[in-house]
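Each of the next two complexes has subunit A plus one more chain, namely subunit B in the first and subunit C in the second.
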Partner chain A sequence: MTYKTMMMAALLSATALGGAQAADPIKIGVVTPLSGTYAGIGQQVKWGLDLATKEVNAAGGIMSRQIELIYEDEEANPSVAVQKADKLFQSNKVDFLTGTVNSASTLAVGQVAERAGKLIATTVSFADPITGDKCSPNVFRVNAKAGQQSAALAAWLAKDKPKAKIFFLGPDYLMGRSTVAAFKEAAEKTGATSLGEVFAPLDSKDYSQYFGQIRAAQPQVLYTSVAGNDTVRLLTQMQEFGLLRNLLVLGASGTVTAQNIAAIGKAANGFATGVGYSAELNTPENKKFVEAFKAAYKTEPDLYGADSYGLIYAYKAAVEKAKTTDTDKVRDALRGLTWSTPQGQKTIRAGDHQAIQTMYVAQVTDGKFKIASEVKGEDAIGPDTCTRF
Partner chain B sequence: MRMIDALTRSMRASHLLVALLVAASLVFAAIGAAMGETFYLRLATEALIFAGLALSVDILLGYNGLLSLGQALYFGLGAYLSALVLMWVPSFWAAFAVTAVVSAVVGLIGGFIANRVRGVYFALITFGMAQVAAKVVYNTRALGASDGLIGVPVIDINLGIISFSSASPAGFFLFVLGVIVILYGVTAYLLDTPFGRLLIALRANERRVPFLGYRTMTLRLSAYVIAAMIAALSGALYPMLRGFVSPELLFFSTSGNAVITVIVGGVGTLAGALYGSVLLTLLKSVVGSYTEHHVIVIGLLFMGAVIFLPRGLMGIVRPAVERMLTRRSKP
Partner chain C sequence: MSGAIEYFQFVLAPQMLIGLVVGVAVILVALGLTIIFGLLDVINMSHGEFYALGAFIALALASIGLPFWLLLILVPLVMIPIGYVVERGLIQRVFHTSERHVTTLLLTFGLGLVMEDVFRLIWGPNPYRPETPIAGGVDVFGIFVPSYRLFLIVVGAAIISAVALIIYRTRLGAMVRAAAYDRHMAASLGVPVRHVYAGAFAFGVALAGLAGVLLAPIYSVFPTMGRDFILMAFTVVIVGGMGSIAGAVIAGLFLTQVQAIVSLYISPVWSDPIVFGIMVAMLMVRPQGLFGRLGHG
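Coming up: the complex of A and B.
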């Protein structure tokens, strides 16, 4: 910086209201998968962030500073994510970072942020440890974690079918087993009984081998955490065998999605899951958001788009409260922050940096998700298990 | 004076090229440290670490004629071992010693399995072994499963005379440069001995070698174990740089990248592995920041290299260096 520009900068900061570098944009780094398996999720993240940024900038920015988003493709590979995050922090000097999708990337990038003395937030990763036993003072999560989803579903089940008898069927890998374990714990707490559990290999072609076991147990409810094409095969085969009669099927948020619901067809009817967002939400804020989103990108937002959209407003509120982008002050401002999003009010719990929000139970009727019930944020959040701060 | 044959001459040319790379790295480190640059120093450190992996692929591909599609198995092994040891005792030497011993044992076992076959089958078996290992790690809770292990501490590396932190960008860069140069030196030395000549003989005609009185299995196994150890020791540096390990380090993308690095850099040149890694890592980072279609760019580049530079970058540069060296050694 030359002497002249330094003088200019000094003059500017002296005259600006509150802000030190009023003219400079606030830089937010986004490390998200733009190519590969998770590119679809990364696309929603990008759309959500872009839309909110456009709105905030049009309304004058944050403390009259514009927001600038800098994207880097992480290929859903933590080694790449770490390298890109390092670049954004060290070379681009971003003030804040978000966008990571798989939990391994979020955890690894969180550690980079901690070493660089910056803050990050995830809007997608739902693995409980991120704000649980692997929590970090520099990591926030504004989307609902797996525990909130299963707690909401269990709370709804307890009201809809008290003392239900549940059978569990999960895919045989870590995420599948841990989602089943989480829902089992949540459901047993609200009075349900477990009849048994079975784990099928990923990509199973034939689920009928498990049907004898399920029929013999005579469950009222089946909980499953299979996903993608596995759900298509499981539910259609169950229907062919007449197992879906008088059986309520519950699942994880990825079990039945917009991608496979058409292929499942009628067998999907009645399926229910706990979610943090649905484009069907009937609130004025959400309607406005969905309309703006559709106008800009010709498609409906999903939970990733909505959570990412909300994050920009959380950061705006925090920076305006802190009156600076300084890490420690923004962290203090984010702790306990309540702000409004298309999903309603969210509050960041100070103890573990997890957002508390109203949870919804979405149920399939005639091939479409409808909101069946909502569960208050406090009832779904669960205890704070973070011990680091 | 000792007769200088083609192999020794080409090795000397490689040494000169590596010396050039080291000199350039020293200048780069000095500038980087002076400017307080962090990102590019760490990126260059990562490039050198992956150069070690490429070096191990080149031993097998360039000297033994064996394409390994699963060298990430040993790279990941080294990374996970080093991470686990460092989280338990934060000592560089402990991590390196454990990695060396365990990778030798695992390399011996893997070598027995993979070296029963040749050619395409060798490539498939190495690929399969790495995939199995990656899946096991991906599903083992004690190893962090799909989340990997975070929280590998920043360590102080004590070299007797000086001690520095693995978090210091310039210091750790120079240290990794030293380690990779030593790995290169050991490899180049071994390949220049009669052992190396026998490996080349194996590549040329494996059926004839037993008639000269050598056991081919022992030779192939030794080369495989050396390559495994070099990959693992390079991998051991990774968690010191980035503070975490994840199962993706064992995935095919890691093995595949190492093969691409060697082919672009120049098969059988050793120096090509180092140059190729620096080039590809930098290119990926720069192109990746401009477009999300960076994989297409890298793919086209790879195809271009194979078509127009079938012997790789060093395949073009090294013969020129060799000619220069011969001219000078003549009276």
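Coming up: the complex of A and C.
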């Protein structure tokens, strides 16, 4: 696939060279995992970008220049991502770059972009520091960060179960500890109390050894950020021990996904999480997007596909406002930009380059995620902690 | 005083009971491993994948509508010929060298990797979970225990006793022990050693498969599930004495109880280092394990 795209890119640039200057395509480099563990995410990114590009090009492109996407496989590995980004900036001369999934890749590629004097945007990475203490004037984020997800979930919880008593269970590594800390902070701010926390090793087979602690704490709510097979075991074993009765289970966005929801079965019912997008959103823009996406790729878009789709329109709006692809002018145009996406209007905050958007709480009913509530963008975004610009 | 009783009843006892379930699960996996090691002197690195294979075969058979109870008998029966063929077709080919430990270890390690990928090709990377065959739970002295876990303890104990009976009390078991003690002498006395070897391997992996069927409703089924118990099972075999059934049972119960109780007081992340620490200490003080080898005691 990559090879094919590059062939097409080569052909296109060959024809463009012979043509008029104004018809030169705008090149957008895409460094995304097309193989490995995150290949499924990279696939959605590609589909979202491809679909939006096709639509924009069919409607005349950006300032009557066509968009050309040039793909490179980053294998979800920051050091590979850096090489590929360098190549795209130096030899392909791309005007803009996107696609990074792994948060570490996004941070690393952001530094490459600073050196190259170009702009990048992530549509997937959700580690808070990217638009927080590790922010960069050359990096934008159009998807919701972890803090927005926690804030939305906590705001919903405060309404649904005011002053809830919460127990936390996370996998014992960086992601688990940071997600638990983030949600704890957000929930305590809205009046909830924490009863205790336990961190289980990754790939634990039996969670029943923690059930004594959970039972003794008598929580109304359990927040967990385990993922994959671990979620299957945790929730089904809790069901086995009758612990799910009268207990609301909340989690990170990766806790219950399309990959494991079938195996979790009934034990997933009632599970709620904070998300920036769901194919279930009942708006005309989203319905149109979901239909076009399904027609093209025979599957539903997820948040990665939707956020990537939206990015092309953000870039289009910014370039048209700046009337050039020049880095400084496009940066100015992106700052404070408001544009429409399948999940509604998004605005890029000038102070930290983080997109502000309506957040949703998705809850599982009969084995499917349904939108339970929405939280206004301003209520979920949190303070601007970027000090570099 | 009443505080201590309450602590025992509501904290310690449930934890020990849950530890007992894990213990039975570990012993079921370790049993086949220790028989194969005791008799063939082969460290079966693919044992975990045979455990997974049992679970996947059960998954396939259940999807054509066979009830769980039938699978408990059917899956080991399917596993036996598979194990037999693996022993005759693969292990025997590299068995008769002076580097036997290395060659068989590498062979079974490679086999395990191949099996894991085959599971992924056929069933995909996502987990499956069979419905628990016995739903609900019972109150045992005021603590809630899922019925299926109690069932597991009972059936596990029955299987372990049956295996011990076969090995120590039957003519077949006598042939196995004789072959383990001195295979040349056993062969000259008319024991069909080649078939005993292949049969013991098949028996060992069939036990792993049976463990796979029994544990699938609790731990769910996915390609890398073979790695779950294998380290713990190896530890049990080493501490208990390689090839000793009684050793596997005692070490299995002891180590899982240590794990269960320790995780009450310190971070559960430390329960593995503690168990492996016990193994290292055992290797230093008594390298042959609690009990001696199969056929040697």
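Note that in this section the second predicted complex is superposed on the first by the 368 of 389 C-alpha atoms of A that agree within 3 Å, B and C clash if a C-alpha of one lies under 4 Å from a C-alpha of the other, contacts with A are read in each partner's own complex, and residues count from 1 in each chain.
The rule is short, and it goes like this: contacts are C-beta pairs under 8 Å (C-beta built on N, C-alpha and C of every residue); 3 or more make two chains touch, one makes a residue touch a chain.
The structure displayed is predicted, hence computed values, not measured ones.
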{"item": "Clash-or-fit label for the pair subunit B, subunit C on subunit A", "value": "fit"}
{"item": "Contacts of A:389 with subunit B and subunit C, given as first, second, both or neither", "value": "neither"}
{"item": "Which superposed partner A:90 touches (first subunit B, second subunit C, both, neither)", "value": "first"}
{"item": "Subunit B versus subunit C as contact partner of A:199, first or second or both or neither", "value": "second"}
{"item": "Touched partner set for A:108, first subunit B, second subunit C, both or neither", "value": "first"}
{"item": "Which superposed partner A:78 touches (first subunit B, second subunit C, both, neither)", "value": "first"}
{"item": "Touching partner for A:127 - first (subunit B), second (subunit C), both, neither", "value": "first"}
{"item": "Smallest separation of CA atoms, subunit C relative to subunit B, angstrom", "value": "8"}
{"item": "Complex contacts: residues of subunit C adjacent to subunit A", "value": "10-11, 14-15, 18-19, 21-22, 125-129, 131-132, 137, 144, 146, 148-149, 218-220, 222, 227-229, 260, 263-264, 267-269, 272"}
{"item": "In the complex, subunit A residues that touch subunit B", "value": "34-35, 39, 72-73, 77-80, 82-84, 86-87, 90-91, 102-104, 107-108, 110-112, 115, 127, 129, 134, 173-175"}
{"item": "Touch list for subunit A against partner subunit C, complex", "value": "172, 198-201, 203-206, 208-212, 216, 228-229, 232-233, 236-237, 240-242, 259-260, 262-265"}
{"item": "For the subunit B and subunit A complex, residues of the former touching the latter", "value": "37-40, 42-43, 46, 138-139, 141, 145-148, 150-151, 154, 167, 242-244, 246-249, 253, 285, 288-289, 292-295"}
